[in-house]
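Alright, structures below, take your time with them.
Below are two complexes that have chain A in common, paired first with chain B and then with chain C.
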Partner chain A sequence: MKCCDSTHCDFTQESIAGGVSRRDFMKVCSAAAVYMGLSESFGPTIAEAATTAARRPPVIWLSGQECTGCTESLLRASHPSIGTLLLDLISLDYSETLNTGAGHQAEEFRAKSIEENTGKFILVCEGSIPVKDGGIYCKVAGRTALEILKETAPKAAAVISFGSCAAWGGVPSADPNPTGATPVYKILEGTGIPVVNIPGCPPNPYNFLSTVLYYVTFKKLPELDDKLRPKFAYGRLIHENCERRPHFDAGRFAEKFGDEGHRKGYCLYKLGCKGPETYNNCSTLRFNDVGTWPVNTGHPCFGCSEEGVGFKAPLHSPAEVLYVTPPAEFVSAPPEKGKGASALAAAVGGAAVGAAAVAVGSNLGKKDQDNKEN
Partner chain B sequence: MAKRITIDPVTRIEGHLRIDCEVDGGKVTNAWSSGQMWRGFENILLGRDAREAWLFTQRFCGV
Partner chain C sequence: MEVPLNAQYIRNMIMGAHATHDHIVHFYHLCALDWVDIVSALEADPRESAKIGQSLSDWKRNSYQEMKGTQDRLKGLVNSGQLGIYGSGYWGHPAMKLSPEVNLLATTHYLQALEIQVEINKIVALLGSKTPHIQNLAVGGVTNAINLDSPDTLNMEKLFHIKTLIDKVDDFVKQVALVDVAAIGAFYAEWTGYGAGVTNYLSTPDMPMDTKGTVFDLPGGYIPAADISKFQPITDFNDSYFEDNVKESIKHAWYDGDWDRHPYKEETVPKYSDFDDNGKYSWVKAPTFLGEPAQVGPLANILTMFAAGHKPTQKYATQVLETVSSLAGAKVGIDALHSTIGRIACRVIRCAVLNDTMNNQWTALVNNIAKGDTTIFNEPVFPKGVQEGFGIHEAPRGILSHWIVIENGKIKNYQAVVPSTWNAGPRNDKDDLGPYEASLLDNPVADPEKPLEVLRTLHSFDPCLACAIHLVDKEHNEVVRVKVL
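Let's look at the complex of A and B:
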């Protein structure tokens, strides 16, 4: 069975390497297209690009000051297994967490891959880079993370800083930043090396996957915001799409953990929720393939992905509300004309209005973004 | 004369681990393990609101 009309696409079997069914794989590619703000019809294009062996990009995964939570987040995505999928989509040539070889074997393989793939590989950085005292607070094979990054990055096609630590410093950079933990983009400032930040603690694996698939498909990086984050994932505030937003707009708040409002699922703003100043798509994309995220478990967002908020702003103090008004102006239902509109016609009309509201919402999101940039 | 063997990095674990050992006549006679990364959680936690401690300490290790 052919998956698309392209003559180059030999992606015709029921399953691909790694045991991921074709159906699941197509679903992921279509979903990734939607995450990236593209039409779902880009799914086959992405699938084709991702499964053409000659285009499989080598990836070197460097670990700085990290807890490996980012790697875990990626490997434990399970519907389908993104870990399996990614290992078949990309050629992961070096990762301290996943390498079979250790010590000098691992290091030699890394050097060989960098040599062979200069200008072609994607460098993924997990963890911040300590610069205090000559960078001695993180060493691999006797060399500092700073030294290794500076040597490796100029040979990469692009750098992806995965997680808050690599993207803006994260936990290690919390006051008083004992080790001089520095984000990757700052180390590489002025070198012209393209850097994409995918912050979060942990970041959502689908944002990473979508960025890689975008690169594989279009041979360029997705559009980034002023903090080098892909706009498709970080273009809107958590507050804008939060399931508890109607409670915020209606003034219904949990005042204390365990009080009546908290038990009823009211807005967590007064408990210190940082959703109104944190740009991320947690409230729509969610985590762990079971639709969970901090706010729906009853804990306020603490802004883990936002520089200056996560690990910085006091946990239970109220956030700065960047946009007070609701994100979308809902289109009013058109008045019925004539008599006897059938229940079916009313339902169809309602669906059209709903779709229009979503479309308007997404346009407003862009406008907000533009305003922010200006 | 004892032979010194160093394995760094030790892979498939969380964190940056280094193992040094001395081998004499086919037997390990001495060995050291050392973490090669430090973030200073103790210093970060000093003087903070106690209710925030979990936020930091749970990030020692993400595995």
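Let's look at the complex of A and C:
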């Protein structure tokens, strides 16, 4: 598996081609082995692996203003599991939460990886970046998160902003935004560095994993919408694929937690569900491999992934229904196969259905355009 | 206000599963590699590792095949030349004491724990909608509608899914984690002598079993100066003994002013001025209880529950101490828990206690539903005028309290005094050291360039944040700066 094109990935070949003698190379490998705490005899093994085996794509993970919930979400994944991800699929060369080393050792290891993998590593950003007062509200090893991001991002192949904080500001940017919490893409605006936003609080880990694996497998980034979100994950409103949608269309609503409608699994719109204005795949992908998501446990979606909705709109205020689709009494597309219908009735019915389908179809097309469906 | 019984039990199960997950991940994945050398495991004889594992426990996954599988996986990683998150570790450090075989056994459990922590979280997700960041809570209850005759609610299938997961986790906690922590404690017995720090312990009762928060499955309270006989309980969620005696100081924290105040009277006005050893040097405020710093977390929780006579706590604490004694060949008593290694041991002992509690909560929920009670929510009524109130919870890293002042329906002041604030707080208004700071006194450091021992003590608190430690030699020259993550 290679992260991008072969010349990028096989950096050791480049080094050797670039004039480093085999002898020097072996010295470096032995030093690396000692550095890693292995006996020097491991040196040749590492050298052999580095020149012959496919390298796992390196990943550098930076933390800004965050709660580590996004990293935590990855621990819960099963396909792939965090073990498979870290041991077999990527090489996570820096993560403040998961590094086994600390201090100088961790910082040096990061610097070394960035230097060796310039233009090839994936940079994951978790958390927003405070810019007020020179960025002093988030410092790592004495340097601001702003400084570290600006230094690291230009050397990355691509940047993934993981979570609402990194993607659009999230909780730290909530009014009055005392630290000037800023999303990563805004800081990198105009630099030409490719950024993918995976918002959510936290996002479903599979939306992140699928983006990484998409990149690793197909050597390109997935298709993005106008907010830099992968379409495979954020292409539809939650409302469109919600299991309680038929209740919305039929006007059946829960009015209070635990009331009769709530106990019958009715729509949560009146309790403030933001599914009608939030783009995400929660209602189809579900969470933690047990088929749950907020609506499934009786709680309205609060739009955690949608800028301007999550952490802004009150929890129980009604959502703006962005995309009104025809109610349930609209005639269905395939003609009924009822017994005893006359040929004439069937013909008339067919015409009416066709007319309705055109009207609905054009309406949907327009709405889809409006909602950046392309 | 009162919270319906069903809502209490559902919340309690989530808290139990969440904390067990947190503790397992901390012990195996964020702290064990301070003690276990995975690189040394490459040289182990997997048959010998399996034998050691089987002599310590009935766990069915201590086979030769499991050990060999782990070793092959490690070899694959090392041979790839890309060590990733393990690349900056302190492998081969002189303070690493375990044999290659024990290192391989521990590494095998490290990988198995990665699998089990996914399972524990499913309990949280089934009730809480997703994890992290559950979304089934409402002021006045929970949103999990209970209807055994509906496909869209908490029904029999979900209830039994939860029960199955509780039992699965129970096997791992009791047959693997409790044994591993005792083994680490025995092999590193000298660490019972380091890292005690602040020995005032504060913990809250939790797992309320009534609607008012006055009856609890787990007790809590305060122990001053390591003296268990002076244990003072916190009796309910409105106990003034707790409410009246908490303060926070900003003498050494980057906030405007210099005061020591009760949370209702606090403010949070940042004023950054860089590091000043004698002045302000932290974003963390310094909390005190009865005017003194207090340590919070699993050690405080286990000691207070032990002092309160909580039977499951006494059972599992005694079990671990006896295993340590038998492996170390010397009597190790409860006093050994006031230490770096004791703090780690209590985290795992707490998992065993929590798992028993989860079973209690599950049974209580099912019995209550059987009585015909499906209430999950009492609609809150917000009173007029000025209101002050607080909420407490025994979170994975210790006592968590939120303090609020409401004026005419709007929040006037909100302060959260969180576990890592208690432990990581800088010096207070009287210049007493906080628990992190105090625990580092007299810690040995074999290699100042690689201060693994500092990490051991700091990690034993399970910090919820990154913090910086500057190692300085006697002439006050900075030797090395360590960032604990």
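Everything that follows uses one rule, which is that the second predicted complex is superposed on the first by the 265 of 374 C-alpha atoms of A that agree within 3 Å, B and C clash if a C-alpha of one lies under 4 Å from a C-alpha of the other, contacts with A are read in each partner's own complex, and residues count from 1 in each chain.
Keep in mind that, in the parts below, a residue touches a chain if its C-beta (ideal position, glycine included) is under 8 Å from a C-beta of that chain, and two chains touch if they have at least 3 such contacts.
Worth saying up front: this structure is predicted, and the values here are computed from it rather than measured.
Participant: Using the superposition described at the top, determine whether chain B or chain C touches more residues of chain A.
Facilitator: Chain A has more residues touched by C than by the other partner.
Participant: Classify the contacts of A:201 with the two partner chains as first (chain B alone), second (chain C alone), both, or neither.
Facilitator: both
Participant: Quick one: classify A:100 as touching chain B (first), chain C (second), both or neither.
Facilitator: In the superposed model, A:100 contacts both chain B and chain C.
Participant: Once chain A of both complexes is superposed, is A:176 in touch with chain B (first), chain C (second), both, or neither?
Facilitator: first
Participant: Just chain B (first), just chain C (second), both, or neither: which does A:185 touch?
Facilitator: neither
Participant: State whether A:311 touches chain B only (first), chain C only (second), both chains, or neither.
Facilitator: In the superposition, A:311 contacts chain B only.
Participant: Could you tell me if A:65 is touching chain B, chain C, both of them or neither one (first, second, both, neither)?
Facilitator: The answer is first: A:65 touches chain B but not chain C.
Participant: With the two complexes superposed on chain A, say which partner A:299 touches: chain B (first), chain C (second), both, or neither.
Facilitator: Touch partner of A:299: chain C, not chain B.
Participant: List the residues of chain A that touch chain B in one complex and chain C in the other.
Facilitator: 63, 69, 72-73, 96-103, 106-107, 137, 140-142, 178, 201-202, 302
Participant: Of all residues in chain B, which touch chain A in the complex?
Facilitator: The touching residues are 6-16, 18, 36-40, 43-44, 49, 51-52, 55-56, 59-63.
Participant: What part of chain A is in contact with chain B in the complex they form?
Facilitator: The touching residues are 63-73, 96-103, 106-107, 137-142, 171-172, 174-176, 178-179, 181, 201-202, 302, 311, 314-316.
Participant: For a test of understanding, state which residues of chain A touch chain C in their complex under the given definition.
Facilitator: Contacts found on chain A: 29, 32, 36-38, 42, 45-50, 53, 55-56, 58, 63, 69, 72-73, 75-78, 81-83, 86-87, 90-93, 95-109, 113, 133, 136-137, 140-142, 178, 201-202, 243-244, 256-258, 262-265, 287-290, 292-294, 296-299, 302, 304.
Participant: Give the list of chain C residues in touch with chain A in this complex.
Facilitator: It comes out as residues 25, 29-30, 33, 37, 39, 73, 76-93, 111, 114-115, 117-118, 121-122, 124-133, 135-138, 141-147, 150-154, 161, 270, 272, 374-377, 379, 449-451, 455, 466, 468, 480-485.
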